[in-house]
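Each remark here refers to the structure printed beneath this line.
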Amino acid sequence: MQKIIKISIPIILIFIIVVLFIGLNKDTNYNTNSLIGKKISKINLKHYNENKFYKVDDLKKNKYTLINFWASWCAPCRAEHSLLIELSKEKNLKLLGVNFKDKKRQADVFLNELGNPYDFLTKDKMGKNAVNLGVYGIPESILVDKNLTILKKFVGPLSSKDFNSIIEIIN
Amino acid sequence: MLSNLGNLLLFLNIFLSAAIIFSALKYLKISGNLIPKIIYQISTFQSTSIIICFFTLVGAFIISDFTLITVYQNSHTLKPTFYKIAGTWGNHEGSLLLWVIILIIFSFLFLVFTRKHPKEFRLVTIVIQNILIVGFLFFILFNSNPFSALSPTPSEGLGLNPILQDPALAIHPPLLYVGFVGSSIYFSAAMASLITNYSQTSFVSSIKNWVLISWCFQSLGILVGSIWAYYELGWGGFWFWDPVENASLLPWFAMTALFHSLIVFEKRGLFYFWVITLCLLTFILSVTGTFLVRSGILNSVHTFASDPARGIYILLFLTLMIFSSIFLLFKNYKKENYNLNPNSKETFILINNWFMMFYLITVFLGTIYPIFTDVLTENKISVGPPFYNMVIIPIVVIFLLVMAIGPKVKWIKERFTNLKNYLFILMGSTLINLLIIFLFKSYSILSNLIIISALFLIISSLIDAIKSYRSSKIDFSRIISHCSFGFLILFIGLNNNFSIEKDYNIKLGETKNFNNYSIKLQNLVLEDFSNYKAVIGELVINNKNTNQKNILRPEIRIYNNPQTLTYEAAIKSNVIKDYYLTMSNIDRSEYYNIKFQKKPLMIWIWISVVMIVFGGFLRLFQNAKNN
Amino acid sequence: MKFKLLLMILIFNFSLLHGAEKVVDQNTIHKNLRCLICQGQSIADSNSDFAQTIKLVVKDLIEDGRSEDEIYSFMADKYGEWIVFKPQLNKHNFMLWFLPYLALILGGIIIFLILKKRRNL
């Protein structure tokens, strides 16, 4: 009995210490990459200008869709906008823009100034649709395929590295 | 200049620690029971130099000497002097210096206060303590040196977070460190006792008061931390089961179990090796806590800035400590003969230890489990208040009953003649609980149980106090601490069940109504202060039943150095309840978000903890008097 | 006799519990959800934009008639388990809930064995 204790206690402690040691190198910042692979089940986005809604079935018509949450008050959104304009030229990719918690007049100014890369433009005035898609920071972009499986999540402005990875996937 | 002086003193201290270790080992081999003067002298020299070293750092903060990186990163010329001083230990490097100063001073004090004990035991304790000291000094010198210099010297510091400029937070680290860093001395003494095969009774008598002192200060440190959280952090709570809070609680469980076990040992000579284990465990938990907090391995509301290299060093140090302790423990373990009757005070104290270990394991598990799931399954989870509350509270219900009955059970064997007294007390508790439900409102089963058992403990203690007073065999310290613990749980339970919390988005001139209250955002005032601008909301709370109006003024503060936004809660306290109100602005909107809380009996929660600690200090004075 | 009286009082006490029904409390839910962009704060305590949005969604879900657990599952589904402070009972986390009680039982067994030794003397 004593022998069992004398052997098992050091083993348990070594196990704990090793895990703590490995844990030191892990990043404590959370990301929602756990969502990659899941399907989008329901969206109900109001069209930016018109009084109609953009739903899940509309998404299925596209080979790939990049859903991009943006706002006129968001500085990093300006930074990534040029990359979005570039992406809008891609044949396989459709861009779905969601104007997040914004005022139409200011959003219009933003688009007039920097260009409108979006194939479809919607708005999420209260931000509730963003929650439906697991979005927590603006800007945020989600790449889905025609089955609505989430392929990639980009939290924060798109970098050129992100741009390249999108190009790679859709071609 | 100060940088050089500080570094010099640190090196000097390493040299002195080494000197103590070598001379102690030398004098161990020589016969005779007196520790030669030279060791006292080196120890005095060591204490003096580390105190000077510490004050060198304090001085650097006071004069804002920004050549030192630590001062640059954590201070600012515009900070009030009091907070400049407190800033010394309000950062990673400075607080490590505080660690070392306590390790060294406790080493010196142990030497001075154990003259009645044999040379061998005392010298080995000092050797081990100084090995710990050297370990920390190396860590400071090569990884976290508060005296590291910066060139060229910046003209201004980066300032300290305004949230950290608070009197409660200023004394929180010193109090806490006397607690869990102080436990190092009985860690070293326990190792020494094992190595020298010391008389068990003598060992226990040598550490008894140290355990009490560290327990009292640890409790005060935790209390002050909670008070700061309540008054400063603006969420209206005082305990979040945050990893940093848990880190301070773990040694506390071990210390509480320890001094109860010491009582059993003193009376019956039992459980020596369990006492040793707890002595070793307490300081090990302290270092574990410091590892969890400073390495950045956990995400918390109040971690220091993190650095994996720190984590590696502390983890290695911790591993060495743990395995040398286990090695010694296993090597020297001798089987004990227990002669325990289930109906005895010893058994009840054993049960106390059992519960303390349960709390310890639960809190430890909850704190490090997210690390395990992240490393082993790449999945990040959160373990927060719901887990700890759900697991611990039901057990506390039984624990309170045991706390009430245990102290009245006789040593060795009890003949349970007074069972019906307990039934009476239980009846009384239930009736009072019924009264509360009738007068106010009903609450969950668990709350009923907790309040009934807390009342049971309180009433038993009070009856006990009256009986003891009559028979003039008073054990005030135990009665006060146990009774106050009952009150603490009672007040927390009542506070939890009768708090009102409301969250509203409100704009100027608007009124919100709920229950029998109304809140109106009457006015918004902009004020300019020396280092911040404030948006002060004037909110009128109207109690429609009593027609009593209270005006609370929460603030949104915009600091410019560093650029931070803080939310100052408006708190109105009286003996019955606290009104607690915070206000924040909603971006791009004319609305403000206000959180209003009515929190009954808050002050009594703080008072209960103070009384628990008071009982501890009382016991300490009794011990000192008896010697 | 006294024992029966006590029993009656206890039963009476617990029969009054109908007053504390299980109602979906917005505040409890806010306290159990984690603000993803804050350092460890809950949605109830956070002043961030994210928290504001989540509060709106929770309000909608409550009005929709969802139970507390359903709301937590919804959030965990969208944001991962990290967003909920109470670890859900699944094969990863069951150790967390199980080990403390295992420790409690083990401790009890140890005490029982220690007490038993006496009778063998």
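As written, the chains take the letters A, B and C, and residue 1 is the first residue of each chain.
In this text, contacts are C-beta pairs under 8 Å (C-beta built on N, C-alpha and C of every residue); 3 or more make two chains touch, one makes a residue touch a chain.
Note that the structure is predicted; figures quoted are calculated from it, not measured.
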{"item": "Which of A-B and A-C has more C-beta pairs touching across its chains", "value": "A-B"}
{"item": "Chain of greatest Cα-centre distance to chain C", "value": "A"}
{"item": "Inter-chain centre distance, chain B versus chain C - centres from mean C-alpha coordinates, in Å", "value": "25"}
{"item": "Centre distance in Å when chain A and chain B are each reduced to the mean of their C-alpha atoms", "value": "42"}
{"item": "Distance from the mean Cα position of chain C to that of chain A, given in whole angstrom", "value": "31"}
{"item": "Contacts with two or more other chains, residues of chain C listed in rising order", "value": "49, 52, 80-82"}
{"item": "Two or more partner chains touched - positions in chain B", "value": "299, 379-380, 587"}
{"item": "Shared interface positions of chain A, touching two or more other chains", "value": "30, 34, 101"}
{"item": "Contact set on chain C toward chain A in their complex", "value": "36-37, 49-50, 52-54, 56-57, 60, 78-82"}
{"item": "Chain B to chain A touching residues, read off their complex", "value": "291, 295-299, 308, 311-312, 315, 318-319, 322-323, 326, 330, 368, 371-372, 374-376, 379-380, 587-588"}
{"item": "Touch list for chain A against partner chain B, complex", "value": "6, 9-10, 13, 16-17, 19-26, 28-30, 34, 73, 101, 103"}
{"item": "Complex interface listing, chain C residues touching chain B", "value": "2-3, 5-6, 9-10, 12-14, 16-20, 26-27, 30-32, 34, 39-42, 44-45, 47, 49, 52, 55, 80-87, 92-93, 95-97, 99-101, 103-104, 107-108, 110-111, 114-115, 117-118, 121"}
{"item": "Touch list for chain B against partner chain C, complex", "value": "234-235, 237, 240, 242, 299-301, 303, 337-342, 347, 350-351, 354, 357-358, 361-362, 365-366, 369, 373, 377, 379-387, 390-391, 395, 420, 423-424, 426-427, 430-431, 433-434, 437, 441-445, 447-448, 452, 501, 503, 567, 584, 586-587, 593, 595"}
